[in-house]
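By letter and in written order, the chains are A, B, C and D; residue numbering begins at 1 in each of them.
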Amino acid sequence: MSARAAIYRLMHPRVGARGSRLLAVLPELICTAGLLAMIVDTGTPAGSRADLVLSGIVMAVWGFFVAVYALRIWSAPEAPAQHATGAAGARRAYMLSARGWIDLMAALALPVGWLTGLPQRDAQLLAIVWSLKYIRRSGGLTLLWRVLKRAFPALVSVVTVFFVILLIAATLAYVFEREAPAGAFASIPHALWWAIVTLSTTGYGDMVPATTSGRLLAAWVMVSGIVIFALWAGIVANAFAEELRRRDFLKTWDLVAKVPFFQTLGAAAIADIVRLLHARDVAAGTVVIREGQAGDSMYFIVSGEARAMLAPEPVTLRPGAFFGEMALLFGTPRSTTIVITQPCVLLVLDVADFRVLAARRPELINVIEAEGRRRREANAALVHP
Amino acid sequence: MSARAAIYRLMHPRVGARGSRLLAVLPELICTAGLLAMIVDTGTPAGSRADLVLSGIVMAVWGFFVAVYALRIWSAPEAPAQHATGAAGARRAYMLSARGWIDLMAALALPVGWLTGLPQRDAQLLAIVWSLKYIRRSGGLTLLWRVLKRAFPALVSVVTVFFVILLIAATLAYVFEREAPAGAFASIPHALWWAIVTLSTTGYGDMVPATTSGRLLAAWVMVSGIVIFALWAGIVANAFAEELRRRDFLKTWDLVAKVPFFQTLGAAAIADIVRLLHARDVAAGTVVIREGQAGDSMYFIVSGEARAMLAPEPVTLRPGAFFGEMALLFGTPRSTTIVITQPCVLLVLDVADFRVLAARRPELINVIEAEGRRRREANAALVHP
Amino acid sequence: MSARAAIYRLMHPRVGARGSRLLAVLPELICTAGLLAMIVDTGTPAGSRADLVLSGIVMAVWGFFVAVYALRIWSAPEAPAQHATGAAGARRAYMLSARGWIDLMAALALPVGWLTGLPQRDAQLLAIVWSLKYIRRSGGLTLLWRVLKRAFPALVSVVTVFFVILLIAATLAYVFEREAPAGAFASIPHALWWAIVTLSTTGYGDMVPATTSGRLLAAWVMVSGIVIFALWAGIVANAFAEELRRRDFLKTWDLVAKVPFFQTLGAAAIADIVRLLHARDVAAGTVVIREGQAGDSMYFIVSGEARAMLAPEPVTLRPGAFFGEMALLFGTPRSTTIVITQPCVLLVLDVADFRVLAARRPELINVIEAEGRRRREANAALVHP
Amino acid sequence: MSARAAIYRLMHPRVGARGSRLLAVLPELICTAGLLAMIVDTGTPAGSRADLVLSGIVMAVWGFFVAVYALRIWSAPEAPAQHATGAAGARRAYMLSARGWIDLMAALALPVGWLTGLPQRDAQLLAIVWSLKYIRRSGGLTLLWRVLKRAFPALVSVVTVFFVILLIAATLAYVFEREAPAGAFASIPHALWWAIVTLSTTGYGDMVPATTSGRLLAAWVMVSGIVIFALWAGIVANAFAEELRRRDFLKTWDLVAKVPFFQTLGAAAIADIVRLLHARDVAAGTVVIREGQAGDSMYFIVSGEARAMLAPEPVTLRPGAFFGEMALLFGTPRSTTIVITQPCVLLVLDVADFRVLAARRPELINVIEAEGRRRREANAALVHP
């Protein structure tokens, strides 16, 4: 393995490999250290010992991010998906990806501050863009984005209403309260501040209406705030439900198609089954099933490898195999411990869905049942030979 | 084109026409400028230079709205839907429409202030009615309205409970706290102010119970506030879900009926398909599909025109055509870029729904597949002739 | 009609009868007047002229409620449902009903205050029980109650978690903050007040943690508050959806069974149709359909009477008739105005559901279509004879 | 019965046995007394009489928990599920269970305080771990846990966004406000406190931005807070709906399989029926149906015993019997009172679902109808012999 490939491997650890978890979260840990140092530093006297130490940490983390960016550009051609595009193409692809842009911003944050003539303590504040690195990791963000896009037209309407209520409330509050002795409502911009604090039900209490009409107005604003909030929650909840259903369906479909057990089925049957199965990624070393526990699901192996800890010698389960069906068929506790030996993608069939499947596709359950009975007899033969 | 028609066209730009976007948002921009000037003006000393400039802007915007109203009345007979009713009828129709009323209020806001003897700075405050212009644009408001109407009986119950809790809480707070040294709870109207601030969980902190019983009461009011809020959100969320389902169904149905591809189907099959398709309006110039990207939907053209950027010469796609099916059928990246040349209404079939459709209506997918295969061979012939 | 029957009729006005609306809301208006007088009175100096007037109003309303209770007992035997049980039974039934208990409490509120030796101004505060009269009117309260009962086990879990977090947060806040200079966290009961104010995100600001550990604790409490709130909203929203579905289904089923048009259908077909129809009560005088407007639903008359305003002479529509189908069948504007002449119960079929019905039960739509075509020809004959 | 068995029975009262309710809640009552004494004690002067009494109560409750833990270990072998594992195994099983750990922590709380050298008043604060005893009782907690696990990936995304917004808001607030005269935003840690108070819409008001840019930032933070909250509620609501559906399905399935009436059905039919039935546990002595009332459900007895209070002599209903069907079939009020004599598990069939069932499985309803008619005739014979 070349140095470049070693660097690439170090920065893109395979899931399930030894030490891969630590390597995977290391950048986040370093990022957190840098952000913490920057945050705490704002509370120290300039030039104090603590200030120097903390600034040093921020600089070190910045150096790390510069190095990461440089190394990622250098090792980009090692990416498996880029073998065909050539070194320059692979590097451009990385630099134009979302990840590349965030890495660039992380590396440039402090230099931009220095170039614009900010003192060191102020330039450090720009390190806040490092927090975007957290977002990149979160797999669910795409989901959030699709949900907001789906709910967009309805959300725009609610925001419009929110905005109009804000303007009207601020104008009325100014009219009602401008003569009041406290005198906080001196202009509509002041009243707007009160209106947003009240409409969001935050209620700092720095501006409070004193007249009766001002208070009636405030009551209306608060109740409007709650209603708008409820509308928002309702819209988002609906969009979420539809988006999740869509995503689960697609993910499971792709996996079901890979399991030989289901490949004899027609498209209609698969569309039926896909709704009942759920995909799950499992790291190596996980104990999926523990002997003697109660069981409420069975599993199909899509990829990876598991081991059934049977008495004389363990049995290796490969893609296409299934396990855990006995607890569902006979209601008994788990008879064997199953350990994942290679990172696996499993399809999980819950006991509730197993029963629905038994009603709709008895032929499938018959195959599972035959296998389950065969295994039970084999187990019994082992115990009482 | 007569002057009247030109004016009408200027105020009702066709979607997709050159410059139409700017023309469409211009009234909103002017409205925003006027509102901003009015708002900022309340913070300037009367008679100062800034006051004069800002008042001038408000007056100019008012003049614009008066002119808009007059021109809209004058050009109303040009509205396509009104050609049959005659000039007077068309003008009355505009004046009695929601848009007409809002335009009238925008034009009359300041004069009403002057007529009632308000000084200029106070008369300007009436310009706040201009903010209603934002609401008119928001297409989703009808939806919000239908949702609230659907949820009305349940919402009324929650509001009644809200109101009764408010009254009881205020009376009890008055009883518990009227002797307390702070002395803010001097009467039930005062206590009502505290109760609404607490029940909406706004919590200004200007009135806080000091006795133990007052605090227990406050805890109950806060928890009630949360529960009422949750009830509200739950009601609205349900009404939203039903209303959205209804609206999508209707919109898509009308479009499906226009696509020749679906016209051979019976009503039952169409009712089935309509649930799987989603309508989308696309402006001219949009790149719907970009070569080489991953694809997760296919499209049917209901109206408008698109161009497939094929190698020797682009192919024009007209209403009734479909595109994007190859990525769904073969899992390959997009093979062609598709650009919209005339504003289009498209029906989008997501990959998840494509598969459901394949299971339920294999005959439709067969047609799509045959076309897809034909196109793939044609493409291959172009690349390797 | 005997005096007793006249009194009964006065207090139980038939829906749709002349003046019935005013009579129906009169008790609420009087109740509101009494409550307002009581509330405002707490803000007047004792013995002042305003105090005397307002106390007088409260006393008058109390007299009204005593009279109402007495008259309702006296006239109870006139209730149609009680004709068989005899006068004593009818009276007992009223007195033991929820309405009877609320009426009794309204009548006894002030006397209880006097008997326990309260001064007049304090005894009046008991009039707050009159606010329960609002609740009795709200038809949706039964629904709220069923929803809360259905969601009860899940809600109890959330409340338990809420309570445990509250206790732990208060204890920790006391430990962290008791030494802080501000000194508001002097004991756990004090800290509990802070915890509930924070967990409900009310945030009065009268007690604010000053130490770093106290602020971290507060952040955890605030986020817990939001999560608990979200759980609550989620639970209630689900219970609502199920309960509404159940209620609509039952209400519509009963009505569908009364319409001759549907009586030839089997149970399976009816179960299918019931999901598509919605019941609506309509008062006499309502214009359900207005000529020339766009239409998106058709109607079946379950009970009551409507009139189609056809040109030579209006046609009366009786229970079992349907109308409004032409706009759905032909997409034309409404051709006739329909006015309700006797209070009606209508079954509404939305255009979206009409199309679903056309797909599932074409035989029904054929009947409607035949009738629609017949009416169109009749109309055409009227216009162009 | 041995002393050990008697102790076990005392601590695990059978549901429905005489006095079992009091025994079941006794530990919670004692726990509440101990917590209350600990809480109130923090408000008394050290060494005062009240302090001594309250400390005494706390010590007594602690003694009770020590005794409970010891007795539970001793009597663990009496647990029915542990008869096979032997005394040591049963004891270990209890000690390693969640209940065992909580009991241990309750017993060790105070000694841990003493051992670490805390004074008595501070050691008592550790008694707050007793509040975990409430959680153990709440059956719905498993449900909450499964819901949160199901919604985990989406929730993590929202939390990440929450956290990033928090960091950015605090840094910007520090930049905008650090020069402001009030001077509360002295460092980013200070600004973080403001940001969390604002983002959760708590709004204590102890730190309020004073500059215009700070206020615009605050408005953005408040609106973000509402949107994040709405996302959260939407995610949780969806996870709840799915989890509840799954749980009800499983619970009912197990019960349906025990009722002879349903045993002749195939798996597909049972899967259909399970969705319509709901399980309910009923204590002995409950009156499920009261003669003369309106009825909207019928019941199947899964286990336990009920008695129909028929005129000459009551009839005992055993598992497999059903009752309440007459009100559903004939729309009449309940003809008999039904009292539970042994704790029962019932399957409830709501009138709405009864009708759906009649449409889908007429053969089942025919059996119920035949039985209902037979009973009606028998009743009639009793009344008019």
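The definition used in the following text is that a contact is a pair of C-beta atoms (placed from the backbone, for glycine too) under 8 Å apart; a residue touches a chain by one contact, two chains touch by 3 or more.
A quick note: this is a predicted structure, and the numbers were derived from the prediction, not measured.
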| item | value |
| --- | --- |
| Size of the rotation, in steps of 5 degrees, that lays the CA trace of chain C over chain D | 90 |
| Chain located farthest away, centre of chain D as origin (C-alpha) | B |
| Fraction-based call for chain C against chain B, same above half, different below | different |
| Interchain centroid distance [CA atoms averaged], chain A/chain B, Å | 29 |
| Chain B and chain D: spacing of chain centres that average the CA atoms, whole Å | 41 |
| Set of chain C residues in contact with two or more other chains | 189, 201-205, 229, 233-235, 237-238, 241 |
| Sites on chain C touched by chain B in the complex | 35, 38-40, 42-43, 125, 128, 131-132, 134-135, 137-141, 143-144, 147, 189, 193, 196-197, 200-206, 229, 232-233, 235-241, 244, 350-352, 355-356, 358-360, 362 |
| Residues of chain B touching chain C in the complex | 153-154, 156-158, 160-161, 163-164, 167-168, 170-171, 174-175, 186-190, 192, 198, 201-205, 208, 212, 215, 218-219, 222-223, 225-227, 229-231, 233-235, 237-238, 241, 246, 249-250, 253, 266-268, 270-272 |
| Residues of chain B that touch chain D when the two form their complex | 201-205, 233-234, 237 |
